[in-house]
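Lettered A, B, C and D in written order, each chain numbered from 1.
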Amino acid sequence: MDMGIRTAVAGASGYAGGEVLRILAGHPEFEIGALTAGSNAGTALGAHQPHLRSLAGRVLEETTPGTLSGHDVVFLALPHGRSGPLAEQLGEDVLVIDCGADHRLADPGDWERFYGTPHAGTWPYGLPELPGQRDALRSTRRVAVPGCYPTAVSLAMFPALAAGLAEPDVVVVAASGTSGAGRALKPHLLGSEVMGSVSAYAAGGTHRHTPEMIQNLSAAAGERVSVSFTPTLVPMSRGILATCTAKARPGVTAASLRAAYEQAYAGEPFLGLLPEGQWPATSMTLGANTVLVQVALDEAAGRVVVVAAVDNLTKGTAGGAVQSANLALGLPEELGLTTIGVSP
Amino acid sequence: MDMGIRTAVAGASGYAGGEVLRILAGHPEFEIGALTAGSNAGTALGAHQPHLRSLAGRVLEETTPGTLSGHDVVFLALPHGRSGPLAEQLGEDVLVIDCGADHRLADPGDWERFYGTPHAGTWPYGLPELPGQRDALRSTRRVAVPGCYPTAVSLAMFPALAAGLAEPDVVVVAASGTSGAGRALKPHLLGSEVMGSVSAYAAGGTHRHTPEMIQNLSAAAGERVSVSFTPTLVPMSRGILATCTAKARPGVTAASLRAAYEQAYAGEPFLGLLPEGQWPATSMTLGANTVLVQVALDEAAGRVVVVAAVDNLTKGTAGGAVQSANLALGLPEELGLTTIGVSP
Amino acid sequence: MDMGIRTAVAGASGYAGGEVLRILAGHPEFEIGALTAGSNAGTALGAHQPHLRSLAGRVLEETTPGTLSGHDVVFLALPHGRSGPLAEQLGEDVLVIDCGADHRLADPGDWERFYGTPHAGTWPYGLPELPGQRDALRSTRRVAVPGCYPTAVSLAMFPALAAGLAEPDVVVVAASGTSGAGRALKPHLLGSEVMGSVSAYAAGGTHRHTPEMIQNLSAAAGERVSVSFTPTLVPMSRGILATCTAKARPGVTAASLRAAYEQAYAGEPFLGLLPEGQWPATSMTLGANTVLVQVALDEAAGRVVVVAAVDNLTKGTAGGAVQSANLALGLPEELGLTTIGVSP
Amino acid sequence: MDMGIRTAVAGASGYAGGEVLRILAGHPEFEIGALTAGSNAGTALGAHQPHLRSLAGRVLEETTPGTLSGHDVVFLALPHGRSGPLAEQLGEDVLVIDCGADHRLADPGDWERFYGTPHAGTWPYGLPELPGQRDALRSTRRVAVPGCYPTAVSLAMFPALAAGLAEPDVVVVAASGTSGAGRALKPHLLGSEVMGSVSAYAAGGTHRHTPEMIQNLSAAAGERVSVSFTPTLVPMSRGILATCTAKARPGVTAASLRAAYEQAYAGEPFLGLLPEGQWPATSMTLGANTVLVQVALDEAAGRVVVVAAVDNLTKGTAGGAVQSANLALGLPEELGLTTIGVSP
């Protein structure tokens, strides 16, 4: 009798939790157990996630160590600061996948500077495509799921930096759909504000995903990389398009640049370098676990230009989370994940 | 060795064809064979459907009887008028699923009045949830896939009419995303025109889906039903929300109305009556093969009010097509189809 | 020395208040005085309405009788229930324009049934295009600005009903942009929820604008009119598209119908009957004080079909408010208002 | 008797032409004469620009020297390559305002490299806010209206470069609404493609607006400036948000940076530096003739970050055109133009 891998999702009424459930619902190995929430505990999942038909009648429990116990895997989709204390009370043999920020940064100083609270610690980083990361995820029982922007930016820039083709001084401007900000009731997230408008926010180096990008790209480059990051909010629900540029190192050609990406992405099921001339659109990745990239050399400006598209909720959060869970559990890395998007 | 059911898709570069492929790519039994197109023949699928990563390198062939031969199943996603002649040249043992309009109407007069060309004939109608339709689809080798609006409206109204709870005089106002109009380059479909605006079109009884609704609802009611249909175009890519009302018959109560829907939908995997108080949104159905419905009795106005949400490309076209193909091939009706939508 | 008409706006940080200010800023006669707010009092207007550049530095005061005193005109753009008590404390010689619902309904029973509170009273109704309304607005010192949906529906249907061409049993399905719901922080108004989705709400006769439509249309028809009203929320910030149908009376022709509208709209600066074959889109009216209409006779269904587009914030609220203020003050009715929209 | 300034608009059925008309319709001095078009000649303006109610019945004439003759001012809103030959046949005393690209570039080599045709010549550049440009526009009879992206980028970056606070090596990533691409029927501009998606295009230094940015910024900096420009298409009709960064020169502080912008924008009616902490959104500028900017110093990355919002059709095209026309005609520069946007 097939029991499946018993799986709990904390934060099931939010956008990240909903996307975890959307993927788990189509995954052949996970059996969905407890669904928990904060203020929405006691209500039916269908009141918040009516698109998850087969789970709509499930009632949300409180997010506590007790409700989450008795599962093989626990996905945490909680506001930052909540995962650390909770995870300490979950068994060491339970696979805990933290979709939040708490355990991503290696440097406690970075955490404290950007979040203003004590650092909860560092867990294996769930971006297996980065050099050296995949093996660290096998058999781990703790995974820090990367942030959505760092997923796009790190996978976009690591090949150029790792191959020494770009200076370690990266400028990133990224456009994000509104689901990246979660389901919090904030005035600037109202539909009336968002539709028909693009806005910048947290510019000038203040966005909390900045140190995470620096951490990943510095590791890839083998030297300290600086990142100037400007996020913008665009009128769509899902998707990130990240434009990343850096000065080209002397002697770089369009061909050498393209070759570096082809080599770095070879064998990666979820990374795609688009054919020459085709630039990424977020619709290419909607609902898929992919990052699609195009790269060019702007010879007049002397810069490497890389554009990456990702679904912030899928590969950028929940799909990446399941990919790491697959690795940690010894399942095929691609199981239950798709490279086929939903478009138009 | 498992060869799968060899399947061709004609019109693979359009929106309906792309959605057929999206579903087939996740279906365990179909093996994707020839992909054909009109003016896009000779180009790679990825130039038109970059979201279908695993098929992006496939080259489109010309849509001819020759390129479509040698398959067990052929999905036709062509402009109206094209399916008839083509289907005549495909073998009688080939399962032909026509996503176009050519074979939906039973009355040649209706066809000629609304399309102005000779009628190609009538095929079994691919809406198994309508009374009496499911059996007609088993073992057939020809299926007429319903129109997107008629899918929503017929499934929304048949329970009330079949149970004699509503007068046979239905008023429908439906909002559709732009993909319902296909990929044709028409000025009113430009993004600049569509975004930030809702518009009516083909109002006053002129829309070609009107006789199809009348056909379905009259069959359900057992008497001639009139339909006043006003379609509107809204700023989104996918989804139909159909609001359908009719005078309540004497003695109808909210409870009797709800009971009729519960009974009519019982056991239907893809039809859902939402909990009382929750009204449909198209986002609940995006990418899913579902029709979600709410019903109310407006006592002051004396009318039954039914609202239905559907993804025009999934249950409204390609998902419905695969559902009928499953039936025709003796596969489980739900195979490869999901009730889980993509949201937000 | 030109002093202008001293004008206060209560609720200046909301959408209706902001639109009143947008229009006043381009009006040659009004001089903008106190701007007041609730919880936003003490902050700069520019934090909430950064599009109103010339007023951005103005600081919001508390909404009290004191801050509003000393003005010739006071526009109230407040949640329902607030205008009644406040207006009683403003001088009888002050022109009070209530953009809220409090004083629209003539029947206290209607008010209590739909709002659940005691009725504040009935003021002259600010829809001068309705038969007999314009004169009632001249020299009045109190104006109830119509609701946005009733503006569209009443102006769409009164000609057919007044001319006896349609049965007094109207079905309305209307699509509204999200600004119609105001700036309140409600989960279903989040951009992530709204974009890419159309949803129904307050269906089945429960929407509070229903009795207002019945009141207006019954007056026009000279008999009790029933209205079945289903509002839907669409992914745009502004605009209402209302589809209204009713059984055609015997003998009605397309020509007699069109003639009735041409006659009813003749001389009305803000009402437009579109050329035959052109159906309304809300983008035609964005930012303009217009209602644009098309009418058809669906002979097969035996129904009159009228579609109207309006900007819910302009003619549907603030523009209508200024139009009535112009009348009340003896200014030219069109002063400071435009029929030119902003598109695309 | 007031005759007004007789004004013709060529390309009246396009987006730029429509916006010129929207502004002219509210301008006290211009009298709208001939409206001309290409393939739309012979049709009513209302078929293409139904939002321009008062002009809807006007019939479009052919765009020829003859139809355009007899006017004091001619606005050309034509595809590039058309303005040069046409302008030669208009009298030297006629004020010709070219909204197209033909006469913007000073260097024929730049033109030929990016457009591949012979250069039509260089006209006074219609961006009066750039150092030294305003006087060149007074009394001229020929004006080259800047491109929409260069308007945003040049006005965003000139203060930092002119003050020597930033290195002459600028990285620009800009998001544009679809109206910037005009009304051409191209597959990627369909609503179904655009909605729910952000895409990059013409990246890697290939966009035709790049040399115009370099020209303007080099003039401001007094040295050759390089520009890496990546444009992206976002799901909205109007607006550009340009994020511009450059290495900060040694010793630059946040205060010195802000001071430079305050000084550069002082007295400019249409340029606005937002209060500290408020970042631009395109909705702040919709329909207004403004460019709104925020600037920050990212100390960790060592870069100046400037974000600018503009309505690509208003200040970015038609509003800028009228502003220059006002100057050329000796009218008040602000006449008929507004700083008040339409929002939400």
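The definition used in the following text is that a contact is a pair of C-beta atoms (placed from the backbone, for glycine too) under 8 Å apart; a residue touches a chain by one contact, two chains touch by 3 or more.
Since the structure is predicted, the reported quantities are computational estimates derived from the model, not experimental observations.
S.K.: Minimal path length between subunit A and subunit C through chains that touch?
M.R.: Tracing touching chains, the least step count from subunit A to subunit C comes to 1.
S.K.: Report the chain whose mean Cα position is at the greatest distance from that of subunit B.
M.R.: Result for max centroid distance from subunit B is chain D.
S.K.: At what distance in angstrom does the C-alpha mean of subunit D lie from that of subunit A?
M.R.: Taking the mean C-alpha position of each chain, the two centres sit 37 Å apart.
S.K.: Would you pick out the residues of subunit A that each touch at least 2 other chains?
M.R.: In subunit A, 15, 179, 192-193, 195-196, 235-238, 281, 283, 286, 343-344 touch at least two other chains.
S.K.: Make each chain a node and each touching pair an edge, then name the shape: line, ring, star, complete, other.
M.R.: Here the contact pattern is complete, since every chain touches every other one.
S.K.: Given the complex with subunit C, which residues does subunit B contribute to the contact?
M.R.: 169, 171, 173, 175, 192-193, 195-201, 203-205, 210, 226-230, 232, 234-239, 241, 243, 245, 279-283, 286, 294, 296-303, 305, 307, 309, 343-344
S.K.: What residues of subunit D sit close enough to touch subunit C in their complex?
M.R.: Contact set of subunit D toward subunit C: 15, 18, 22, 25-26, 44, 46-47, 49-54, 179, 195-196, 237-238, 272, 274-275, 278, 281, 283-288, 290, 292, 338-344.
S.K.: Which residues of subunit A touch subunit C in the complex?
M.R.: The contact residues of subunit A facing subunit C are 15, 177-179, 183, 185-187, 189-196, 235-237.
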